[in-house]
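Note that the chains are named A, B, C and D in the order they appear, and that numbering of residues resets to 1 at the start of each chain.
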Amino acid sequence: MKCETIIKARYAETDQMGVIHHAVYPVWFEVGRTEYIKVSGLTYGELEKKGIMLPVSELTCRYLNPVKYDDEVILETCITKLSFARICFQYRVLLDGKVMATGTSMHGFVSSETFKPVNLKKVMPEYYQKLTESVESDNND
Amino acid sequence: MKCETIIKARYAETDQMGVIHHAVYPVWFEVGRTEYIKVSGLTYGELEKKGIMLPVSELTCRYLNPVKYDDEVILETCITKLSFARICFQYRVLLDGKVMATGTSMHGFVSSETFKPVNLKKVMPEYYQKLTESVESDNND
Amino acid sequence: MKCETIIKARYAETDQMGVIHHAVYPVWFEVGRTEYIKVSGLTYGELEKKGIMLPVSELTCRYLNPVKYDDEVILETCITKLSFARICFQYRVLLDGKVMATGTSMHGFVSSETFKPVNLKKVMPEYYQKLTESVESDNND
Amino acid sequence: MKCETIIKARYAETDQMGVIHHAVYPVWFEVGRTEYIKVSGLTYGELEKKGIMLPVSELTCRYLNPVKYDDEVILETCITKLSFARICFQYRVLLDGKVMATGTSMHGFVSSETFKPVNLKKVMPEYYQKLTESVESDNND
């Protein structure tokens, strides 16, 4: 499964170089991740209500071409790895078919009360199964 | 009582006009407010732990001169009004003695659990007394 | 003319109160303003290319109800005043028909080279005429 | 050379997880980078005036422990690689001696007019020499 989100670059997101500031891309990635989770059958808000959070443990970003104010980019989000304890997302920012930036984020499943690791397969077996299938379909594409 | 906070304008806070973006000033005001509350004998974190929050109900800002990247501004914060239910802060952003921007914010005291109004004088009489004195000293300046 | 923009509240826009941070609303207002200008026949980018910028000179915001993560709000933008030298926008943030916040922004027309005031009627008479008509239609609604 | 910058976590930088949002760290890194360049004998503003910019081409961040509102962290910045064309910075965010996050950023030297690569050794030989020495002293520490 690959999730596509349209994002329009905001004026407030530019910097004095005249391009979108590099710290904005992780914010966009999060928008794509939210969308991906929703498409996979849950909302991130529901996850949090079930006491599960996905804090970012690692983030990478490569900036290939500058995105400018009012550009309407397509953000592609997919899952590259999934285990009981962690999930990895991959992102591509496209403008008119051209790759502007790529990125990854790794997240642990943690309890929203204790901030301690949670085994997603135990806590939400059905949802875990669903996610696994969507990762497999990604890898088969 | 007037509280002074030094703030250095960040690169990420600029926009493609080459100046600090206007939505950054409310963030700076909040930094000054945090500092003011700390100087008045409490931290904002302590207030939240006591179950009291100060969400912004009204905000105004006037932009007189553009602040630029790496400018080191002085932010002056004072309280202009205080009642059982609300508090008003006033801000001035100064660069080399020149006023770059002014602003105000109004806040209700609310419970962090119910988001309902709280009577600060009843819940924290000593702190309320302290704040009252600092407002009076402001007005006498 | 009234311009409606759909905005989905981002996770990065929340704060530890669990609601959208108050400094985010001016960013949303700007998104609505950009949209309004586009609908009126120009893009803000085109304005800047013609050497005209609309820096914010005054901003107000009233926060009536908290917006939360993933809420899909409707932002209404209209012009309330227009003269050769200035333009005023008004904003309403709605969630399921309920007003969550309102705001205003005032802007001077300035040269992007000199940052000095520009007479919009002289520099872009046709566009000025168009804007005037859209303000009048607003007031007649 | 290692540059230390004190940063106080802002309320606006928190998210509804109650911790500093992960997209804030790249903003802090930039504050450290600005400081490093200044200590090395130039300001980033001067570099831009000489027509040289350092856009980020790659960014990584590891989040080890959550930073909270009002925490006063120490940001350590150093250069790990330097060539005619690129520069790599490394960052550590410390709270009371504990590492909260680490990160890296890679930057190309580009012309602010053409956005094309610039040979720093040719354009600013003395400054390049200075930077080289500071990298060597880092590596000898």
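Note that contacts are C-beta pairs under 8 Å (C-beta built on N, C-alpha and C of every residue); 3 or more make two chains touch, one makes a residue touch a chain.
Just so we're clear, the structure is a prediction, and the values are computed from it rather than from any experiment.
The most distant chain from subunit A, with centres taken as the mean of CA atoms, is B. With A-D and C-D as the two chain pairs, more C-beta contacts join A-D. Remark: subunit B and subunit D have CA centroids separated by 29 Å (rounded to whole angstrom). We define each chain's centre as the mean of its Cα atoms; on that basis subunit A and subunit D are separated by 25 Å. Averaging Cα coordinates per chain places subunit C and subunit D 34 Å apart. Touching of two or more other chains is recorded for residues 11-12, 16-17, 19, 23, 26-27, 30, 69 of subunit D. For subunit B in complex with subunit C, the touching residues are 16-17, 19, 22-24, 26-27, 30, 48, 53, 55-63, 66, 112, 115. Listed in rising order, the residues of subunit A touching subunit C in the complex are 8, 10-12, 26-27, 30-31, 34, 43-45, 69-70. Residue ranges on subunit D touching subunit C, taken from their complex, read 11-12, 14-19, 21, 23, 69.
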